[in-house]
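There are two complexes below, and they share subunit A, which is joined by subunit B in the first and by subunit C in the second.
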Partner chain A sequence: MDNIAGTKSSLSWAVNLSVIFLVVLWLVPTLGLLVSSFRDRDQISASGWWLSPFAVEQNFQASLPAGEARRDGDFFVIEGNLFSGGEGEILRFGGTRSNPTAFAPGETGDLRRDRSLTVEANGDFIYRTPSEISRDPNVYYATATPPDFSLDNYQTILFSNNMDVAFINTLTVTIPATIIPILIAAFAAYALAWMDFAGRGFLIAMVVGLLVVPLQLALVPLLQLHNKVGIGQSFLGIWMAHTGFGLPLAIYLLRNYMVGLPRDIIESAKVDGATDFQVFTKIVLPLSFPALASFAIFQFLWTWNDLLVAKVFLPSNSESWVMTVKIADDLLGSRGGDWGILASAAFISIAVPLIVFFTMQRYLVRGLLAGSVK
Partner chain B sequence: MSPLLQGVITVIVGVGGCVGYFFLSNLILDKVIFPPKADNPGRNINRANLVRPWLFLFPAMAALGLYLVYPVVGSFWRSLFNRSGDEFIGFGNYTTMFADPGFQTAFGNNLLWVLFVPAASTFFGLLVAQLTDRLSWGNIAKSLIFMPMAISFVGASLIWKFVYANNADIGLINAIRDFFGAEEPLDVLQVRFWNNFFLMFILVWIQTGFAMVILSAALRGIPEETIEAAIIDGANPFQVFFKIKVPQIMGTIVVVWTTITILVLKVFDIVYTMTGGNFGTDILPSYMMSYMFRDDGRATAVAFVIMIVVLPVMIWNIRQARAEMK
Partner chain C sequence: MKARFYAGAAVIGLCAGMAQADGHQPFAVGEGPLNWDSYNEFAEKYDLSGQTVEITGPWTGDEKAKVDIAFSYFTSATGATVNYSGSDSFEQDIVISARSGSAPNIAVFPQPGLAADMASQGLLTPLAEGTADWVRENYAAGQSWVDLGTYADQNGEDQMFGIFYRVDVKSLVWYSPIAFDELGYDIPETMEELKELTDLMVEDGETPWCIGLGSGAATGWPATDWVEEMMLRTQPPEAYDAWVANEMKFDDPAVVAAIEEFGAFARNDDYVDGGASAVANTDFRDSPAGLFAIPPACYMHRQASFIPAFFPEDVVVGEDVDFFYFPAYESKDLGKPVLGAGTVLAITDPSDAASAFIEWMKTPIAHELWMAQGGFLTAHAGVNTEAYLDDNLKAQGDILLNATTFRFDASDLMPGEIGAGAFWTGMVEYATGADAEEVAKGIQDRWDTIQ
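Entry: the complex of A and B
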């Protein structure tokens, strides 16, 4: 459409800028999570993730060795270097926990009870006190530490926090809950698209109606039912629940697609003596692959990301937690302030959907369009 | 037995069972019950074809009936009983619930969500769809804005915790406030009333991609002649957009709007992970979850209120579908 008069408008730089702005706005939160998940936990609380490529000013504490104290007139003195052997630059220092950055390097800081502390920028310190030194005195200093990126958070969360178990559980819930509804729905969709029988219109209307039934309604009665027949809260229960909840969308999407298949192919196959079963398995099913793929992606994303159904239909013990439940009910409570752990846990849980999303986006878009644009 | 192994076995049994059911039931129908030989082959074939649709439909209809139709009735029935479920109290759960200030807050907030989230998502979706329409890198931009669709509500909440955090070294909002000279960090999730909008924006962030994809396809579907004619008649880009394009995709906008509205009424995850319904941010789904496992009577009553709210959309959808089939 570029050749239409007037479309190359002078607004084009404004359009580019506003799209860049929106994309950045949409991307920045996720970027923050990704960057934070690789950062050292002390650095996370010391500087924002947007400053992560730069050195971080962090406060440290050191104990001066009381054993190395020597007498100097009326005073006891400890001398040495805060960076034992290493390199570094002292930015500030102090003698109390409440004010760890009271003095600039080179200054002589007066501490309480006639003690004094001098720290040079290179880490050399002199500590003087009029009384005998019985235990190691503490000093505090701030120094710039280089950016510290590592996989430590991932290691912690995966191997000592049972996130690996939760990952496997999520996978376990997702795979059967994606595959089984497709098969059941495909047959039903074929019947609703290509078979003539009384009540077809009513059933299609019913499927459309069930598309919007709130899941919340199903929770209490179905859990009671599951308990009554002995399934209880279990993987079997959640597979069946996800199958039931996914069916309306599956039938709707597949029927819409199958209705659009060319009538000639199906009729000529029937004329040649194919039964409905053969028409379905040999012709309609292979031709419907794009719709099957769209629904599979929807159902996969929905079951992988689900929190509500997992909370209700899975046992509430920690061995059966899926990742969403693990994050929402466990990590946010017990690791609430540990941002690095939270970030890496979140990233583990969204990595697989993101991969599926970026590799299969075409089918996802097609499915969305089949569902809503007429 | 490890759950994963159990899962693999379920896939095999489930898929095998389905294929076996469909294959065998068709076989039995054709070969045993109505064999096309006997004395009257034609009549038998016709009879078999009368039964066959129901063979195809049976598993799906049974599952739908059990998992979606029965619960509507079952939930309503359960909501008429007291907490332990042994005493019939009529609409007692509803009357105590409507009198509960917690419910009123949740209902009011939910009203805000239902108004704001679909409106904002559709607005941003339409904006991005229109802006990226002619852009050379439009597809990349759309893909990136579409991405949050793949992220779970829990994951998204965590992502936004890093934006809203009550600490200028972690939360972007507080970092920006700090940059402009604010003294103390502010916990935006505890600012009454406005905290609802901070939570809503997470859902807007997720749903904008959905609106964008569908509206973008609808914009592409507009006949070019109408746009060309408007431009020749001297319409400026804004007039082309608001007076020519938007009216032509109004139907799609309504579909996007209602789809997101329905979704809003299901999402409890965001409130649950971000505030747990505290600081006046409760909405109906999260209010229901706070009664789930504790008071099934109250929980089902809340669920049924959600159902009533959804009902008009459901009826409208069914009428649309019926109109299309004719």
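Entry: the complex of A and C
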């Protein structure tokens, strides 16, 4: 009975469960990144992000002010409160770093050399020693620290020097680098799909072959060429580079889509006397909109996230940094140890691609399917 | 909404403006312990108005801010603009830009090995004649700095290509003075004492060392430093040099013994925080955190002078944490060897201003301007050590200037495939239980295949 079309499989709960499981599995790292983006470097290395919503019992060190010692019979005594703000609860305390939680609050702990220390739960302490106090004695205590989140990381990134310039630079790179390849690829795809000329099959095979060439191979020769023709490292250069690197996929995707358009429409247009250019602009282009949009999303995401091509084809001064370079080379700290910054930078830099994706995603699925299934 | 946006933009603009104003030339000419005579002399000698020096290097973030300040005085002395840009992936970027003909005027190499590679391909320009003599006379342990800056050019002739600016001292052990004081431990003066102290800590029920080898794609490099330290402390410096040049094979008993000396610390479950199995898995950036834990997870951490950058933010060097020289064996009579690393400047695209900038590097003031901002050590013997930002840096500078032997990080000098490849992975294998002899043999086999 399970295989009859239109009936619900009795195992659909298993499908649902596995989908939920996979989605959760997929989202956990993102959630961790989001939580980490609100914590600073020390917190991140001290405890896992999954512990961050809870109060954590932590040990602290405090130096008692030797200057406030007073004489009490044979003893020197320091009194006061461990919490400068007066708030908090001592869970345990101790007199040595190696055993910071030796005593419970209210107890009198005997330390080395006849010294003693009493700490109450509210932080009040009495420290007694038979000898004169030459420097601040250290005491240790455990207390629960409430969860602590801050927007500091976001602030560091959003308000860092030249971040606005970097944002504009990224847009300057991304928008032309998305539009130019689409324009060229649409023309090329139409020609490869609907115009009859010698060597067409060979050209298509070439384009498919180019898909598997890694772009890293072309970096040095391409930059050499740019230097020779006088473009050098500039925005014009990076547009051309992105265009070149994006074209094989664009042509392949768009050709496969256009080839699938109904032959009758195009032939009847030709019978009516339409030129190839008219067929292209009036019929094929409007019909290919889903494919164009889906490729635009791809190319936009890829150029937005790109670090390598930007580092090679743009000048290295800070005025021409794009956001990825700015984040990687300037904000992550000199040895890449600022995990909190990395996490929040990730969320800031995906904001724009997310907007682009959600406004255009309904074309994405349609476009992709249409291109691949004839 | 729009008004708020403009207000936001104005705030951003203001912040940007203020940050720049703050970052500009904090040292007034003629004031403080800095050698302003050398500045004025240089300013009189050179007028490069309108010219530009493009420099790229590995310093980013905070370090870039300090470099920009230090280099801005070259601008005010000569009129030439300095554009420094730092890159996180400098090693790859410089090769691409030099090969494609868009190299900066000067490149700052974190590894002499890479500079030597590029010199042999004819991508570097030799420094002015006499630079070698100058370095020999004016740097502490001068000859070793000349050797480190001299590479074969594309014709196989040795020339001086690089001058060192900024040195890291590696032979340091970081510890918590408070914890040492409470438990009554003394700073060890010799390796024998250090081993006794280690055992004493274990007897007291404590864990002496924090060791972490993790570093992303470079995992294993902290262990190469350990082995190099042990080489310098068990073998004469000549043997170390022979090892670097592979005249002494990697599986030589002397090298294997040095690896096993490292293993004596790192492969003893009682000695290392988390046990020996944790060594290879702990990130080197996280490993010093054990010093500051309460109760301490460990009491000592051997790492280079840059490591305070990874200490928790509220830690004060000198109070919460301090360092001592990683001692040498008293019984071996090898003096006080110091292991270090450094960055070397070389000309990738010659110009008058670039040559003048290399001359600037010879003035004490060029070094002092960064010393005074912290995070910088120099081997330039002509600087006023009073210029160091604090006593800790001064003490590290003294370790450097008093070294009987200074040797550069061997893994940075070996061919990239070994020093930034087989040596790293071999050390990870060793730390996770492989036999020292087999590991050394594996590295030597790799070396044989590239010769």
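Just so we're on the same page, the second predicted complex is superposed on the first by the 232 of 374 C-alpha atoms of A that agree within 3 Å, B and C clash if a C-alpha of one lies under 4 Å from a C-alpha of the other, contacts with A are read in each partner's own complex, and residues count from 1 in each chain.
What we mean here is this: a residue touches a chain if its C-beta (ideal position, glycine included) is under 8 Å from a C-beta of that chain, and two chains touch if they have at least 3 such contacts.
If you're wondering where the values come from, they're calculated on a predicted model, not measured in any experiment.
Student: Applying the touch criterion given at the start, work out whether A:350 contacts subunit B, subunit C, both or neither, answering first, second, both or neither.
Tutor: first
Student: For A:332, using the defined touch cut-off, is the partner it touches subunit B, subunit C, both, or neither? Pick first, second, both or neither.
Tutor: both
Student: For A:61, is the partner it touches subunit B (first), subunit C (second), both, or none of the two (neither)?
Tutor: second
Student: Could you look at A:261 and tell me whether it touches subunit B, subunit C, both or neither (first, second, both, neither)?
Tutor: Once the two structures are laid over each other on A, A:261 reaches no partner at all.
Student: Would you check which partner chain A:318 touches, where first means subunit B only, second means subunit C only, and both and neither mean what they say?
Tutor: second
Student: If you stack the two complexes on chain A, which partner ends up touching A:185: first (subunit B), second (subunit C), both, or neither?
Tutor: It touches subunit B, and subunit C stays clear.
Student: Look at A:285 in the shared chain and tell me whether it touches subunit B only, subunit C only, both, or neither; answer first, second, both or neither.
Tutor: neither
Student: On the A-aligned overlay, A:11 touches which partner chain: subunit B = first, subunit C = second, or both, or neither?
Tutor: A:11 contacts subunit B only, not subunit C.
Student: Please determine whether it is subunit B or subunit C that touches the greater number of subunit A residues.
Tutor: In the superposed model, B touches more residues of subunit A.
Student: Applying the document's definition of touch, where does A:210 land relative to subunit B and subunit C: first, second, both, or neither?
Tutor: It touches subunit B, and subunit C stays clear.
Student: Shared contact residues on subunit A, subunit B side and subunit C side combined as an intersection?
Tutor: In subunit A, positions 45-46, 219-221, 224, 311-312, 328, 332 sit in both the subunit B and subunit C interfaces.
Student: Under the touch definition given earlier, write down the residues of subunit C that touch subunit A in their complex.
Tutor: Residue list for subunit C touching subunit A: 9, 11-12, 15-16, 19-20, 54, 56, 59-64, 83, 85-89, 93, 96-97, 99-102, 104, 176, 178-179, 182-183, 204, 206, 285-286, 289, 293-296, 306, 309-310, 312-313.
Student: Give the list of subunit B residues in touch with subunit A in this complex.
Tutor: Of all residues in subunit B, those touching subunit A are 2-4, 6-8, 10-11, 14-15, 18-19, 22-23, 26, 30, 49-50, 52-54, 56-57, 59-61, 63-64, 66-72, 74-75, 78, 124, 127-128, 131-132, 134-135, 138, 141, 143-155, 158-163, 165, 167-170, 172, 175, 205, 208, 210, 213-214, 217-218, 221, 224, 227-228, 231-232, 237, 251-252, 255-256, 259, 262, 265-266, 268-269, 272-273, 285, 288-289, 292, 296, 299-300, 302-304, 306-307, 310, 313-314, 317-318, 321-322, 324-325.
Student: Spell out the residues on subunit A that touch subunit B in their complex, using ranges where they run on.
Tutor: 1-2, 4-7, 9, 11, 15-16, 18-19, 22-23, 26-30, 32-33, 36, 44-50, 168-169, 171-173, 175-176, 179-180, 183-185, 187-188, 190-192, 195-197, 200-201, 203-222, 224-225, 235-236, 239-241, 243-245, 247-248, 251, 275-277, 280, 301, 304-308, 311-312, 320, 324, 327-328, 332, 339, 342-343, 345-346, 349-350, 353-354, 356-358, 361, 364-365, 368-369, 372-374
Student: Sort out for me which residues of subunit A touch subunit C in the complex.
Tutor: It is residues 40-42, 45-46, 59-61, 96-100, 138, 140, 158-159, 161-164, 219-221, 223-224, 226-227, 232-233, 311-312, 316-318, 328-337 of subunit A that touch subunit C.
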